[in-house]
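The structure's right below; bear with me while I get my questions together.
For clarity, chains are labelled A, B, C and D in written order, and residue numbers in each chain start from 1.
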Amino acid sequence: MTEKRYNLVAGQSRARLAALSDGVFAVAMTLLVLDLHTPVATAVHGEHDLLAALGEIAPRLLIYLASFMTLGIFWVGQQTQLNMIERSTRDLTWIHLGFLAGVTLMPFSTALMAEFIHLRIALLIYWANILLLGLILFASWRGAVACDLLGDIEPGLIRAVERRIVVAQSLYAVGAALCVITPLLSLGVIVAIQLVYVIGPKTGPLSRI
Amino acid sequence: MTEKRYNLVAGQSRARLAALSDGVFAVAMTLLVLDLHTPVATAVHGEHDLLAALGEIAPRLLIYLASFMTLGIFWVGQQTQLNMIERSTRDLTWIHLGFLAGVTLMPFSTALMAEFIHLRIALLIYWANILLLGLILFASWRGAVACDLLGDIEPGLIRAVERRIVVAQSLYAVGAALCVITPLLSLGVIVAIQLVYVIGPKTGPLSRI
Amino acid sequence: MTEKRYNLVAGQSRARLAALSDGVFAVAMTLLVLDLHTPVATAVHGEHDLLAALGEIAPRLLIYLASFMTLGIFWVGQQTQLNMIERSTRDLTWIHLGFLAGVTLMPFSTALMAEFIHLRIALLIYWANILLLGLILFASWRGAVACDLLGDIEPGLIRAVERRIVVAQSLYAVGAALCVITPLLSLGVIVAIQLVYVIGPKTGPLSRI
Amino acid sequence: MTEKRYNLVAGQSRARLAALSDGVFAVAMTLLVLDLHTPVATAVHGEHDLLAALGEIAPRLLIYLASFMTLGIFWVGQQTQLNMIERSTRDLTWIHLGFLAGVTLMPFSTALMAEFIHLRIALLIYWANILLLGLILFASWRGAVACDLLGDIEPGLIRAVERRIVVAQSLYAVGAALCVITPLLSLGVIVAIQLVYVIGPKTGPLSRI
């Protein structure tokens, strides 16, 4: 009985959950770039060599930027949910800790992708990381709705948040499936989908997704 | 006398203690994953090689997730305490700085465990890290109660927090003792105990611990 | 329609954007110093050797301090803007996420500069990073003004913020152009300009810039 | 004129300065431990080997804990000052950014000390880092007093803060001077002085310092 009492008071601070989340995202976003090693000095004998070496790094830089964008999308997504939640509970806190575990895996998935950009396994793990983040955010939202943790929110908005996650993840899954052709195509499609979400076009056919 | 005056005003910000704690936890949680190195590119010649290489990394991933869970448990525990404390003092601040020092050691203990999973010393150091965190949280709570830093809290809740730490640490100690059989069994039992705390079952025999 | 609704509520927390920014700046500022490797122990046989080895590291230390100063300037700049913005929007949040991506690139640009201090490409990339940060801050300000996100601010102050960025970036561009002579001169001039901004002289000719 | 106006509104957020500081301290505190490498797996063939390898790491662990304590002392010191300051200014913000630059150097000074514990240069650089932090905090306090940034604070407390820094730094300087005998003695004395400040004895002769 005393134990149940403990669980009733544990993990209720939405503010600290947000602070921990911002910290984890900040570290993960900055660690991504650690994968961008400077060219080895002994192999560079002039401007031309350095330019060539940087050209070799360029694909990694693009993958890094794609992952930064992914983390940005999920940071905005989590923030939007937490803003609408009036109070947290122990269970919701643990769902979000699981979400943050997924965030910390992103630098690893990204490095794997950058190293083995031509292999399907690398692409699928990268996509699995994105799927994991989406699934946990979906669970978090469903849990918050079920436990009545939201404030006065119109039902249309509740459905909009759900629909958003489902549509985005379906598109990512289609993108990932394209790796049967080539992993690079998959990555390109996933990045293109993300760009649409980042830009958030207000008119035209893309404003519907 | 001027000095005593200094100590009366030093280290009293509960908000900044929480912010520093969230920062340290965020960095420690994300650094854990730095131990997950991507396979060496030159040793991987195709999908099959990468899958095999990732299979070798898998145990590390599990240990990393276990450590993330450990840090999550102690983050929730510390947060719950700090939420109930009305004001901080210089002494309480230093107890929590000691706690944070224990948190920063976790990536090291985890890496040691991942590298030497078959050795008892590695398991015992991992457990000692968990024990240290529990002991300091216990001292923090006792100190807060003794110095009357809590607000209006019912005595039952005070005892519930203490009991929680004592029971959990006793179970971890039993788990650690099982390393006389094999370190892997110890780790499995400790992780299982933690999972129970994370899930926090509301009914059944496990709801009592 | 539900989707538009989602975008209306997404990314509106100015507080969390500030918290994420502080986190990214904190990590980037501290990662800079990771480039300062301690001398190799086996090559150091006494006080004299260590002093010589540290002498070789000294230029890196200076470049590190210059980059720390750069990040400090942009942190103050972003903070000043966010303080004057009354509310955030999804679009403004994404502009600032782009800004933060530029911040996370700074440790890479700095390491490149430290490694290839005699090469123009390294200097130009370092400068491009500074330019990128300035351009995004300029876009963020223009966007905030256009979307009426500022509170009651006098028009003179709006122009002062714009002018500040344009003047500073023009001076940096002049500094960067000096790399046709030598990259070291460029770096020296850019650092000198930054020092003027940091010191912020209240009288004399430099108080005008 | 517009420029002066800009400087009047720049860098005034005490809350964001505190948040950035907590972030930098959190990262620096956690990076310290990165210097604790796990023993090389190929050199360890059993429990005994691992114990011996950990024994070799032990001195590094102690130096790491000493540096964590140093950072803790300066974190409490800075926090205490910021709590007493009612508002920040551009100039004060830059003094504290200088302070944070000193904080980010701590992992480097610590690694140097751990690697070359028998060399005076390493000890003197370690001490210079501590001195730098103390000098900047002293300048920050003097500046805050001179610019009337403090709230209603009794003059005795203003002097207590100053005296605290001067006494502590004098003791550290004496400790550093002992490196003419041996660097290890210096380190021991400095750590002992810090321990007195951490424990903050309330009675006895040490309660006076």
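Definition applied: contacts are C-beta pairs under 8 Å (C-beta built on N, C-alpha and C of every residue); 3 or more make two chains touch, one makes a residue touch a chain.
Because the structure is a prediction, the values reported are computed rather than measured.
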Joint neighbours of subunit C and subunit B, given as chain labels: A, D
Identity of the chain that, by mean CA position, is farthest from subunit B: C
Repeat of the B-D interface, chosen from A-C, A-D or B-C (over half of contact pairs identical by residue number): A-C
Superposition of subunit A upon subunit C: rotation angle, C-alpha, nearest 5 degrees: 90
Same-residue or different-residue interface between subunit A and subunit B, half as cut-off: different
Distance from subunit D to subunit C - Cα centre to Cα centre, in angstrom: 25
Distance between the centres, which are taken as Cα means, of subunit D and subunit A, whole angstrom: 36
Residues of subunit A engaged with two or more neighbouring chains: 19, 22-23, 26-27, 31
Residues of subunit B defined as touching subunit C within the complex: 23, 26-27
Residues on subunit C engaged by subunit A in the complex (per definition of touch): 2-7, 9-13, 16, 19-20, 22-24, 26-28, 31, 90-91, 93-94, 97, 100-101, 104-105, 107-108, 111-112, 115-116, 119-122, 125
Complex contacts: residues of subunit A adjacent to subunit C: 18-19, 22-23, 25-27, 29-34, 36, 38-39, 41, 44, 46-47, 50-51, 54, 65, 68, 72, 75-77, 79-80, 83-84, 156-157, 159-161, 163-164, 198, 200, 202, 207-209
